[in-house]
Amino acid sequence: MNRGVETAIKIEGVSQAFGAEGDPRRVIALESASLDVARGELMCLIGPSGCGKSTLLNIIGGLATPTTGRVVIDGQAVRGPSPQKIAFVFQENTLFPWRTVVDNVKLGMAFQGVPSSERNERAHEALKAVGLDDFANHYPAQLSGGMKQRAQLARALGLQTEILLMDEPFAALDEQTRMVLGEDLSVLLARTGKTIIFVTHSLVEAVFLADRVAVLTARPGKIKKIINVGESHPRKSNFMTSPKLGALRNELYELLHDEIRKTMTLRGETSEGA
Amino acid sequence: MSNRRGPIMSPGIARLLVIIALFAFWEIGARYDADPLFLCPPSQAIGALPHIFSDPKIVNAIRVTIYEVVTAFVISVSFGMIVGLIVGLHGFTKASILPVILLLYATPQATILPLFVLSFGIGPAAKIAFGISHGIFPVIVTTVAGVQNLRPTLLTAARSMGASRIQIFTSIVFPHMIPSFFTGMRLGMTAVLLGVLLAELYVSTAGIGFYTRLFAESFSPPDLFALIAVLAAIAVTLNELCRTAERRFSRWHAS
Amino acid sequence: MKPSSRLPQRLVQIGILVVLLVTWYWETLPGGINQLLLPAPAPVFRNFWILLTTNSIWPDLAVTVREWITAFLIATIGGCTLGYVISRSGYAVRVFDPLLAGIYSIPAILLFPLYLLFFGLGPGSKIAIGSTIAFFPVVLNTIAGLSYVDKAYITAARSMGANDLQLFWNVMLPAAFPVVLTGLRLGCILSFLSILGGETISSLAGLGHRIVSLAENMESAQMFGNILFAVLMAFIVNGVVSYAEARGRRGMQ
């Protein structure tokens, strides 16, 4: 389970506010979030809508600057995108529709700065790792939703970064595809030892995939609790039906239920209304 | 996405400054560097406006042009709507006649302009006819499209409640079509303007075509600029009226 | 709709065509419409055939085509360049885009007398009006295409380390391409039509001028033949350009 207690990512007191001080429309998305992510660990971030988990992910990856606090990776504070160390997988489709799958993977490497002689081999390796090598010359429009996300994952893998940040990558997929992709992700992690931070809405998905699950509160997002799953990778399919998973899921449910209710009230939705 | 200070001035004011700068550039450039036979500064063009307006023949030519545009517009819109309704309301008529209409719409009308003048003479009739020839097509096409968008479920629901054909038309079809009607009007106005102006410029023996040719051949840029500016202002005003009408009457429509 | 069920519609269309031809023939029989106003079908089609099979129309056609291509090139290069420059800044887009759209709403044909004054009766004034009218759809579409690239693509590329040049070449350009292509199609067709218009109003040569001088010389049958030729050419241009746009869009998905 623990591939070493070495900390890969240190999140120190990160806060994110939108709007100026004193502005009545000011929104505090995150408040003093602190977290340590160990090397080779898969950490899930889970919380109600608008709790700032995507914002936190963007801050960790250098796509956004926090209002206060900082993120330290390998002893250096994060100041912008670090393509050498961090790769993203987004929820929406960001595969470029005008290029084939393999060209998309190669383009990612071109952006990162991989010499062109190495790109082809690495691209096919990455596609094989996600089981898409047979579709290398297809266009994204010809792929199903699950395949598109696999292709995005392949593009991220091609960058051969230590850290992988995934923002609800399976959200747009049906539950059955999610199950399969979740298992594949677990196998991949066991093989590569990457440090992964994974944002999700799904309680079961969080427990099934993560080494630890960080639960965030409703806005302003704070880290409410970190739950340890304590199960080795690759996760087997029988873990899905085990009582241990059920118990952890229930624990998450209790932690989250009030936060979700709070978010709904903030938005003006109650069980009495529509 | 944090607290970035906005730009220094609003885009509207910046735009105004750009326009002023362009006019200033034109003014200075024309004063110092232009052959007065071909180019004049805007100040001179504005100075020629009273000259334009004091000549009753020119004013009459402008008035006739406006009359031609309005007449062509009204006929285009009314006939266009009727044809559009007839063609659009039945699937059969739409599938058979609409391609014919689209074919006519795509012809290069400039080539048949001499034909219009041969048939109708050099008076307003030819220009109105040519204007209608331009304006009627966008009205027909948008009317047909407007009828198309009507969801069959609305009609079924109405019929199930016992509405007669007339009731269905007045309370469902007609209100539904108003936004596309106004869009068609706006496009129709632009097209009618093009047709009428094209015809006017072609007929160089009378109307504003006579004066544009006169001013060009006698190398009087101030008069020519002034006349064109007046016509442009009229065209923009008419276009804006249609655009505003479209916006106002489409506001209730949750497009 | 199954092809077989399109037959009734086709019959109606063919019927309309037949009725028109028959009416035309009928009305131009001796004692009918003045031949100067509407010549009989036979001489018209004979003239049309002569135009298609001999070189007689070539000098004027060449003038028109040369004016058209020049005007389209000017509009494309100018429009794409200015569109690119403006799209670099969101603020510039907010300032200039409504300005350009507003100018576009003025009937540009009004500028033609001015161009006649500047450039005379030769090809210059036609090229000028053609490029002016074609310029606007090109520049407006270039701005639209480059400004409304899906932010997700840009974020993804930046996260992978793309620099400005890589971003532009590999993301912005391909994403903008379909929209820009539509602008080019509109520009191509509009420049052709406005040049025909200019030649009709005042010109020394070209397709439009040919038709006008035939009208002035009361050569009705030839005029109609030439009009048919110009209409045919317009349809071909429209078809080819639309096809090119569709192919281009498909290639970029």
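All chains are identified by letter, namely A, B and C, in their written order; residue positions are counted from 1 within each chain.
Going forward, a contact is a pair of C-beta atoms (placed from the backbone, for glycine too) under 8 Å apart; a residue touches a chain by one contact, two chains touch by 3 or more.
Everything numeric in this text was worked out from a predicted model, so none of it was measured.
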| remark: Nearest to the mean of all protein Cα atoms is the Cα centre of chain C
| Which chain's centre, taken as the mean of its Cα atoms, is farthest from the centre of chain C? | A
| task | Could you find the two chains linked by the most C-beta contact pairs? | result | B-C
| remark: Chain centres from averaged Cα atoms put chain B and chain C apart, in whole Å, by 19
| message | Centroid from C-alpha atoms only, then distance chain A to chain C, rounded to Å. What do you get? | response | 50
| query | Could you state the distance in Å from the CA-based centre of chain A to that of chain B? | reply | 54
| said: Going by the contact rule set out above, which residues of chain C touch chain B in the complex? | reply: 1, 6, 8-10, 12-13, 16, 36-37, 91, 94-96, 98-99, 105-107, 109-114, 116-118, 192-193, 196-197, 199-202, 207-208, 211-212, 215-216, 223, 226-227, 230-231, 234-235, 238
| Which chain B residues qualify as touching chain C in the complex? | 7, 11, 14-15, 18-19, 38-39, 92, 95-97, 99-100, 106-108, 110-115, 117-119, 190, 193-194, 197-198, 201-202, 204, 212-213, 215-216, 219, 221, 224-225, 228, 231-232, 235-236, 239-240
| said: Can you tell me which positions in chain C touch chain A when the two form their complex? | reply: 152-153, 155-162, 166, 170-171, 174-175, 177, 251-253
| field | Residues of chain A touching chain C in the complex | value | 61, 63, 81, 83-84, 86-88, 90, 92-94, 96-99, 107-108, 110-113, 139-141, 155, 159
